[in-house]
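Take this structure, written in structure tokens, and hold onto it; I'll ask about it next.
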Amino acid sequence: MASYTSEELLIATIADMLQPARHIAVGVLSPIPGSAALLARARSGNTKKVSIIGSMEEPYRTDGGVDLFDCAAQGRIDAFFLSGGQIDGQANINLTGIGDYPRQDVRWSGAFGSAYLYFLVPRVILFREEHSRRVFVPKVDFISAPGTSAPNVYRPGGPHALVTGLCVFLFERARGRFRLASVHPGHSVEEVRDETGFDFDCPDQVPTTRTPDDATLGLVREQVAPAIASPYPAFARRVWPQAVA
Amino acid sequence: MNDSSSALLLDSVDTLAARIADGAKVALFKDCGVPMALGRALVRRQARDLHLVTVPTGGMLPDLLIGAGCVATVETAGVTLGEFGLAPRFIAAVKSGAVTIRDATCPAIYAGLQAAEKGIPFMPLRGLIGSDVLASRADFKVIDNPFGDDDPIVCLPAIRPDCAIFHAPCADRDGNVYIARQAEMKILAHAARESFVTVERIVDFNLLEDDKLAPATLNALYVSGIAEAPGGAAPLNLPGHYDYDTDAIRAYAKAAATPQGFRDWLAAHVLVPTGAAA
Amino acid sequence: MNDSSSALLLDSVDTLAARIADGAKVALFKDCGVPMALGRALVRRQARDLHLVTVPTGGMLPDLLIGAGCVATVETAGVTLGEFGLAPRFIAAVKSGAVTIRDATCPAIYAGLQAAEKGIPFMPLRGLIGSDVLASRADFKVIDNPFGDDDPIVCLPAIRPDCAIFHAPCADRDGNVYIARQAEMKILAHAARESFVTVERIVDFNLLEDDKLAPATLNALYVSGIAEAPGGAAPLNLPGHYDYDTDAIRAYAKAAATPQGFRDWLAAHVLVPTGAAA
Amino acid sequence: MASYTSEELLIATIADMLQPARHIAVGVLSPIPGSAALLARARSGNTKKVSIIGSMEEPYRTDGGVDLFDCAAQGRIDAFFLSGGQIDGQANINLTGIGDYPRQDVRWSGAFGSAYLYFLVPRVILFREEHSRRVFVPKVDFISAPGTSAPNVYRPGGPHALVTGLCVFLFERARGRFRLASVHPGHSVEEVRDETGFDFDCPDQVPTTRTPDDATLGLVREQVAPAIASPYPAFARRVWPQAVA
């Protein structure tokens, strides 16, 4: 089996989760989710549609923000990605800041589309490469977008999984909790516990995250790398120096 | 073509900036067509107490206006320099309380503008319930969906800016503005009382008479002033005209990290006559 | 270009018409781009119990479908043949009760579709209060504006058609459709679950890759089926392609004035193989 | 003074009412209001904007219905025209039909945009050439759009005047009644009373409608006639056979 990079493992892991999606949207500053979406598209014989916010390239360009948000509310976007400066065990995400609002000790950019898309896109995959107690906290300081809602709140969408540099959690909506689904090769359940500030469910046996096979690596390097280089040139050059001119 | 419309064509970006009053609620478009030259002119004229509405997020332009002391309130779904990092002057001003922050989520900004565009007092929007974004906004209301059964839904008040500002590829002498793929500029222009626009160039034919260009043209009815400003979005991009000047943006991000660095950057790049600006 | 999209291109207008189920809620565009050929195909396949939504008004197409017995309900701001007079089959069917009429006003139809486009359950609209249009619509609700003080406002439920049908100048092999100046076709297509489109011709390049055509192009994402139908809006007009055939419309208006005249017109102009139709 | 046709009198009369308007919109099947709008525009040195629904000609073309209705609600349309199969003394208009709704004895096309624009456009001019008790009734059978509203109803717009083939009524919003303002040359107050089914206010002295002067007739025949021939060719050919090729 060919060797792979940590980025390629994450791309392949996320792409597996996108298999049922017909239309995948990708937000800004998301090279690994974007690559995963392109891998899922390549695997589908290019029948999936991928919209990359900010891309100027067909077929990834969107008609603009209004169209994208409307499209999500129409039920025409099946998968999306979110991240957070903080993420807690109820899958609440914080993109706004730390400390007493509004004059917070740490201020980030803001909620962007999260407080909307998290409710409407059926399969939202949380992705944060840094796996630390700084990020994965017992309770976020500011809920930019909540992980769960009361039963009477209109919410066809929500969190499906949390993918990190160490592991994969699946989110169980009925229980409102994460369950450790796999740990990446070279890492351990203990390491995940040490670096995670929130409580999560953990089976007795936690499998190792499936590593990318040769076919997957071929698609990634031959088709995904050149395509993701358009919105993310620096990322593509760093990860695939040979594949990207 | 008619006599009055040509009155829309102003002689400079600084003349255009003089039309934007202190205290105005100003909508800023985030995508291709950020009016950077007009923003620099607002700094030069020492605009004060602006209420910025980023549509729906913002970057270098609101950061610059905030850093230069032009802004009292910023209503936004997020301000960031993207791959160049967080927006340093925005963050410093929010943390110090120098500006009042009104956090939103992207579609809430669009929905508020679309309510103003449609002349309705509010627009419902899904999502938001249970977020601290909603909790922080006393002006967002949750009502029971009158067509539902125990179905709470957020209603957002209309956002009617005093003016929208943006940069576009061209305008004609009647004041019609070609906005290319940036269809959302129409929402801004419809929602705002007035629109002030900079363009790469003025063309000598009526844009609305060109069947291919007309669908992507904003009618002069919505436009209050236009100034020619080649490179008016630089150092940001304008598709088909110029790409991002990444060195210049990176230099800004680095300089703006400190108050002194920002002041030096202003002195070098803004507080100089038009045309010589970066 | 991809393999699945070309599956959107169907071999004939009749194949397209077969995709529209009896009982479907069908949105009909009123302006340039009325899908007359597709309407005739619906008559040929003896479609039944359609719920027509005219966007926002209608003319020959709904009159034809109503006269041919395809329609159970018509939701409209008005049906008329314009300078050729009232719409005779529409009027006869409303007076006899053969169709259920849901009267609206133009912006209420747009607002209902825009609510569906935005995935919100309703949209507020000014006007209507005190009219019998409002009194006749149990599904329109008046609420107190939550941002006002004793300010009643009408809320309109979302209109989500099962399908939108329209005729456009061209489509590409990926299923993108060029809609020219008819920007409102996007509202129909976004609001409806599916869109079925006839076009003058199929082009061999990707419309979205053409910077001038892209802003007036509907993304294939919203399209469920396309058939090539040269002259597909005739005897109505398609700008840049053909004008109204006023003799043909006048002949229809005269024939449709009586049930027998309408039946004779159908036999001569519709119940004949595709291609031979008027 | 040059002779004039009845259409030219109506066009000039309506154009006088449009003097304060910066943007005038004209609906379908409205050749006389459309001509009046074009006359007002010509008099302004073409500084007024005129939008003619259905026109394919710049500068009269609109961006479509949604844009037009939104534009009205933004306060950017100052004058519009409505008509009615029935119009009553409270300026209620009926474009829908006569008899018990919905299976009426007489059915017309429908309300079109009236139930909205009548509320939002500050100066709505009602125009109906036929002046008869069939049209001007005590109470319309169906209120497609009401002439007046309760004080708490948002209504920046409403009826300004009713222009007919016999006379001009002005509408007094505070009183909710029409007042006879002038009678066209060759007609009398008695004739107006005989042909009007609703009660209206009538001063002791009713002036004669001002007839078009030479400058007005010159503008109408030289500028308006060729312009209105684009949306209304049959009308223009009938009224100005010399001016329109």
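Quick notes
A, B, C and D label the chains in the order they appear, each numbered from 1.
FYI, contacts are C-beta pairs under 8 Å (C-beta built on N, C-alpha and C of every residue); 3 or more make two chains touch, one makes a residue touch a chain.
Just so it is clear, the structure is predicted and the values come from calculations on it, not from any experiment.
When the partners of subunit C are compared with those of subunit D, the chains appearing in both lists are B.
Annotation: 59 Å between the Cα-based centres of subunit A and subunit D.
Taking each chain's centre as the mean of its C-alpha atoms, subunit B lies 36 Å from subunit C. The mean-CA centres of subunit A and subunit C are about 40 angstrom from one another, to the nearest whole unit. Shared interface positions of subunit A, defined as residues touching 2 or more other chains, are 63, 73, 120. In subunit B, the positions touching at least two other chains are 118-120, 125-126, 151, 153, 181, 183, 239.
You'll find the chains touch as A-B, A-C, B-C, B-D, C-D.
Residue ranges on subunit B touching subunit D, taken from their complex, read 2-4, 116-120, 174, 190, 206, 208-209, 219, 221-222.
Those residues of subunit A that touch subunit B in the shared complex are 28-29, 56, 63-66, 69, 73, 95-96, 101-105, 107-120, 142-146, 149-150, 152-154, 234. Listed in rising order, the residues of subunit B touching subunit A in the complex are 31, 56-57, 76-80, 82-83, 86-87, 91, 94-97, 100-101, 103-108, 110, 114, 125-134, 136, 150-153, 181-184, 187, 239. Interface residues of subunit C facing subunit B in the complex, by the touch rule stated above, are 111, 118-126, 141, 143, 145-148, 151, 153, 155, 157, 180-181, 183, 211-216, 239-240.
Touching subunit C in their complex are the following residues of subunit A: 23, 45-47, 49, 58-59, 61, 63, 67, 70-76, 120.
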